[in-house]
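After this come two complexes, each holding chain A, first together with chain B and then together with chain C.
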Partner chain A sequence: MSDAAISSTQVFPLGKSPGKAILWSLPMLLLSLFMFMGAAGVPKDPLRMIPLLITFALVNVLFFLMIYTGKTDRYRAVFFVTMSVLFVISFMAHFLEARGSMSLSAGEMIKGRTPFCHMVIPMTLIPAALTKTIIFPGSILGPYSIATMFALWIGASLALGRGFCSWGCFFGGLEDGFSRIRRKPLIRKISDRWTYLPYAVLAAVVLLSAVLLSPVYCEWLCPFKTVTEYAQVTSFKTLVQVIIFTSLFAGLVVVLPILTRRRTQCGLFCPMGAFQGFTNKLNPFEIRIDRAVCKDCGKCVRECPTFSLDDAAVSLGGTKLSCMKCGKCVDGCPTGAVHYHVKGTAVPASPSRARMLFIYPAFLFLAVFGGSMIQDGLYRLLLLLTRGTMIQ
Partner chain B sequence: MNVMQRILSILGYTWAALCLIVVLATFIGLGVWPKALAQATGVKVSPWYSGGEVAGSMDHGSYQTLVRQPVFDGLFAQRAEGFVQVDWSPKEHQALPDFIDEELDVDGNGTMDLRIRVNTISGATQLTPMQAWVLGAEKLAFADNERILRIRLRNWEN
Partner chain C sequence: MIQGFLLGLANGTSCLAFCAPIFLPFLLGEGRTVRRNIPLLLQFLAGRLGGYLLFGIAAWQVGRWIQGYASHGLFMGGAYLVLASLLMAYGFTTPKTACAAEGGRQWLSRITARFPSTLPVLLGLLTGLTLCPPFLAAFADASSRASLAGSLAFFFAFFIGTALFFVPLPFTGFLRRFNPVRVVGRLACAITGCFYLYKGLILFYTGFIT
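Let's look at the complex of A and B:
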């Protein structure tokens, strides 16, 4: 039997019938309708209504295609990358609107107006346990607050584990997008030793942050400061920080993903990603490889964007702790051996059922979390087109 | 499939199905969870960022001066050096004077510890220590119509 024939018979029998795919997509339609329009309804302002309707349509078309074609990563990535790009536009517009600048002044930081993002979470845990304080210049409650991000992160970790990095992280979509620009990688071989670097960075920033009582990663290493907010350049120190942020962004988020077709920041540097890997243990979903079907072609190892598969992992029928459940290996496997799996069930025990059980919470999280960013980003673009400014 | 495998399988699928409920609960309860989390843990923003609790205030008619608790907090013990934060905020519909000149008691023992002169327009400051443990002033921070100054201190208890 040819690879294509095996693939068409063994992978995800749910789709292929548009009627069945529509039926399976219907709950997402209702859930997204409830989540997007439940409380406030459809806004009357066309500049607000159009982004809402586009986002709602995008969510449901992509989910339908995910069900119908049986491809997960392809349609996840469309929404994920869109979310990240429009998040940056939305975030910049909000900052410029509120402060007239992308930089944060000392006064703003003292007033607790720095938006809290999930990247800070691992660094805050030891000081929070020992001093009952959060080492971040933000606010505990309110928009973009510390407690709100913690609540979202706890929910995402319980439901998705490290799947959060592929189905929720608004930074991850940027390098996911850059990693898809070239059809073939220019750099193919990256030593496995580099995959330990995120754990080293995690250990270093967690310990240093605890000792210094300041979020070291945010202050010195976060590449995404380049496209969000950064401390105002008022001294040599802040100048060096800005140079580091932009260099890391250019190297790890733009250039290396283009050259390797991998998410190099996520897979080789991000301490939050390394930390999030441990939450895979709290989560029922994982990627497994049916050894009876696997032909050891190595495609999944080459395709994995976060270096979570190697020959040893494949021979054991699973992934490393760092797996983000993006589904790229599942989509790419020519024999259908790689599949989503629910812990406790046999391998392979109805991969299509396991996939459906995973993509519903995962895509819903992405749709609701990212949907608000997409809506606001589109709104800002519409403002730009109609009024010549992204700022209200 | 034996009984144990069947039980594990049912538990696995139940756990997996609960994940959708977790996602729905996360977003639907987003107005509740953060408050509950903050209340349950009792955490606050570190005084190294917030400036610390207000220790005393002085009313000057059109504006007030807030002197906060000195911050020396460390992970396990107090640090050898820290700061005290002073906030000058105008009252409603008022503005800060262009120049402020005040003597402050930062350790709360009734004697003045430093004199500070602030140009609220240019941000220039001049600090005159009256105690050996007053080390110097950081740059004046502008936050809306308030002015905030952190004065570096050596921990007098060390």
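Let's look at the complex of A and C:
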């Protein structure tokens, strides 16, 4: 059955009501008001005030639209992609300010000034258990520190499971953005075998990191070093590393997402994502497919950006372990068979209530986590426009 | 000999840690039962013993020369490159029955079908040649031995001490019913191969220019 034919038999009314949507959005408005303006109030410096107001408006408009239209992924993606782009701008500006360069010198590493990101977490666990040390040249406390990132990760894992990859990861938005550039994919078929690659990368980097007592992924495989920081090119080794980082970024984050309309780095490579998949087992939210309503049109399988749905999964009424709960399949399903679900409840038990229960903590996390990045990124852009430099 | 055995026992966990990233994905990739994993382990250990004994001879006869050569990186870089090629070929090829009509393709499947022990023995030999910290300690000790027999006996005892730590590995056979584990194991072999390829290239290049 074609998508158009199925659309005509749509059985899941969205029930748009502006009044209800405003009521549902009100708690988010108050929470975001408290978050963004609670402690210090509105800054007087227009360069600081404008980004704050834009971020506040963005959070609330997008959340209202999410409630009003019943579409999750469409508005999540706007915030998610904005957060990632502005994170890169903010991060670069910070490090240009602090070091005068985006590259990381041996001196900075010795001083423990390497920013810690969530990608390192799986590699640190075995050495931490065996040697009681964190194998990373970063600081324990402060911004971009080990403790901050661990606390955020534990909270996000409990609240969202692998939803963290679509509602919090500041790298994921880059390829999410690139994957939306083309309307139709040029490469449609990717062998299922490659969907196991993230688990293989995870196994290899965890074992090698435990052996070498250094974060192998960061040293050799991280595509995002290209847009954050990389080792200063001082030797053949560092030259090879930089070539690898740039090639992986170009291939997995830019070119393949454009050609496939999928998040290839997240779905086919990221070891942290593979690790995070296991936290889906701890988390109460999941995506389910109501088999009684499903017409087996395969749209969700084609649309899933993270390779988390195939025919076998659909026939079982669920997704694979790798599901990032982005909501694209929920938005796209012409019959409304795909929905958010709270584990332990019947299928379908109030799908719209389950959706609300999920998107509230998820969007709040995205707003808290991404809001400051968006504000700082916008501030740096305003600095660039008004003073010709991103540095304070 | 007791000294070599004790040194092996003391450093066994490090040896296991160095070899596990190579051998564990291989075992998972093969997806065999616990019982059928045991011969694989024995073949791997035989290869490792071969590597150790080769070093035993080297330590006694040309210890200084090898050490100097190894420090230049050419020797170690070469060993890493061969190891990387094997791991990558194993990881990136789909296992299937070898067919004479296929010519040069599936060369690894053809070789392993004809000589099943080749891959585990080679992996063992090449990891046996790796200069991990406990191995360097054993090498330094063995090179001070007066006779070839003494040096070989020392390395043999060192091997026995470290081999005990490999005994639990065949039990990964319990995971074989879960088919994706095989695919992940093979791909992890390939990723580990990529890492050793980088290391090998860098060591080789550094050895070449110095």
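In the analysis below, the second predicted complex is superposed on the first by the 377 of 392 C-alpha atoms of A that agree within 3 Å, B and C clash if a C-alpha of one lies under 4 Å from a C-alpha of the other, contacts with A are read in each partner's own complex, and residues count from 1 in each chain.
Everything that follows uses one rule, which is that a residue touches a chain if its C-beta (ideal position, glycine included) is under 8 Å from a C-beta of that chain, and two chains touch if they have at least 3 such contacts.
Fair warning: this is a prediction, and the values are worked out from it, not measured in the lab.
> Identify which of chain B and chain C touches the larger number of residues of chain A.
Residues of chain A touched, chain B against chain C: more for B.
> Would you check which partner chain A:Gly332 touches, where first means chain B only, second means chain C only, and both and neither mean what they say?
neither
> Who does A:Arg193 touch here: chain B (first), chain C (second), both, or neither?
After superposing on A, A:Arg193 lies in contact with chain C but is clear of chain B.
> Quick check for you: in the superposed arrangement, does A:Trp220 touch first (chain B), second (chain C), both or neither?
The second partner, chain C, only.
> Just chain B (first), just chain C (second), both, or neither: which does A:Val211 touch?
Once the two structures are laid over each other on A, A:Val211 reaches both partners.
> If we overlay the two complexes on their shared chain A, which of chain B and chain C does A:Val240 touch? Say first, second, both or neither.
second
> Looking at the overlay, does A:Val201 come into contact with chain B only (first), chain C only (second), both, or neither?
Touch partner of A:Val201: chain C, not chain B.
> Pick out the shared contact residues on chain A: the ones touching chain B in one complex and chain C in the other.
210-211
> Spell out the part of chain B that touches chain A in their complex, as residue ranges.
Residues in contact with chain A: 1, 5, 8-9, 11-13, 15-17, 19-20, 22-27, 29-30, 33-35, 37-38, 41-51, 73-76, 85, 139, 141-144, 146, 148.
> What residues on chain A touch chain B, complex-wise?
Against chain B, the touching part of chain A is residues 31, 35, 105-112, 126-128, 130-141, 145-148, 150-152, 154-156, 158-160, 210-211, 213-214, 234, 283-285, 342-346, 349, 353-354, 357-358, 360-361, 364-365, 368-369.
> Quick one: which bits of chain A touch chain C in the complex? Just the residue numbers, please.
193, 196-197, 199-201, 203-205, 207-208, 210-211, 216, 220, 236-237, 240, 244
> With touch defined as at the start, can you tell me which chain C residues reach chain A in the complex?
Per the stated touch rule, the residues are 17-18, 20-21, 24-25, 91, 94, 180, 183-188, 190-192, 195, 198, 201-202, 205-206.
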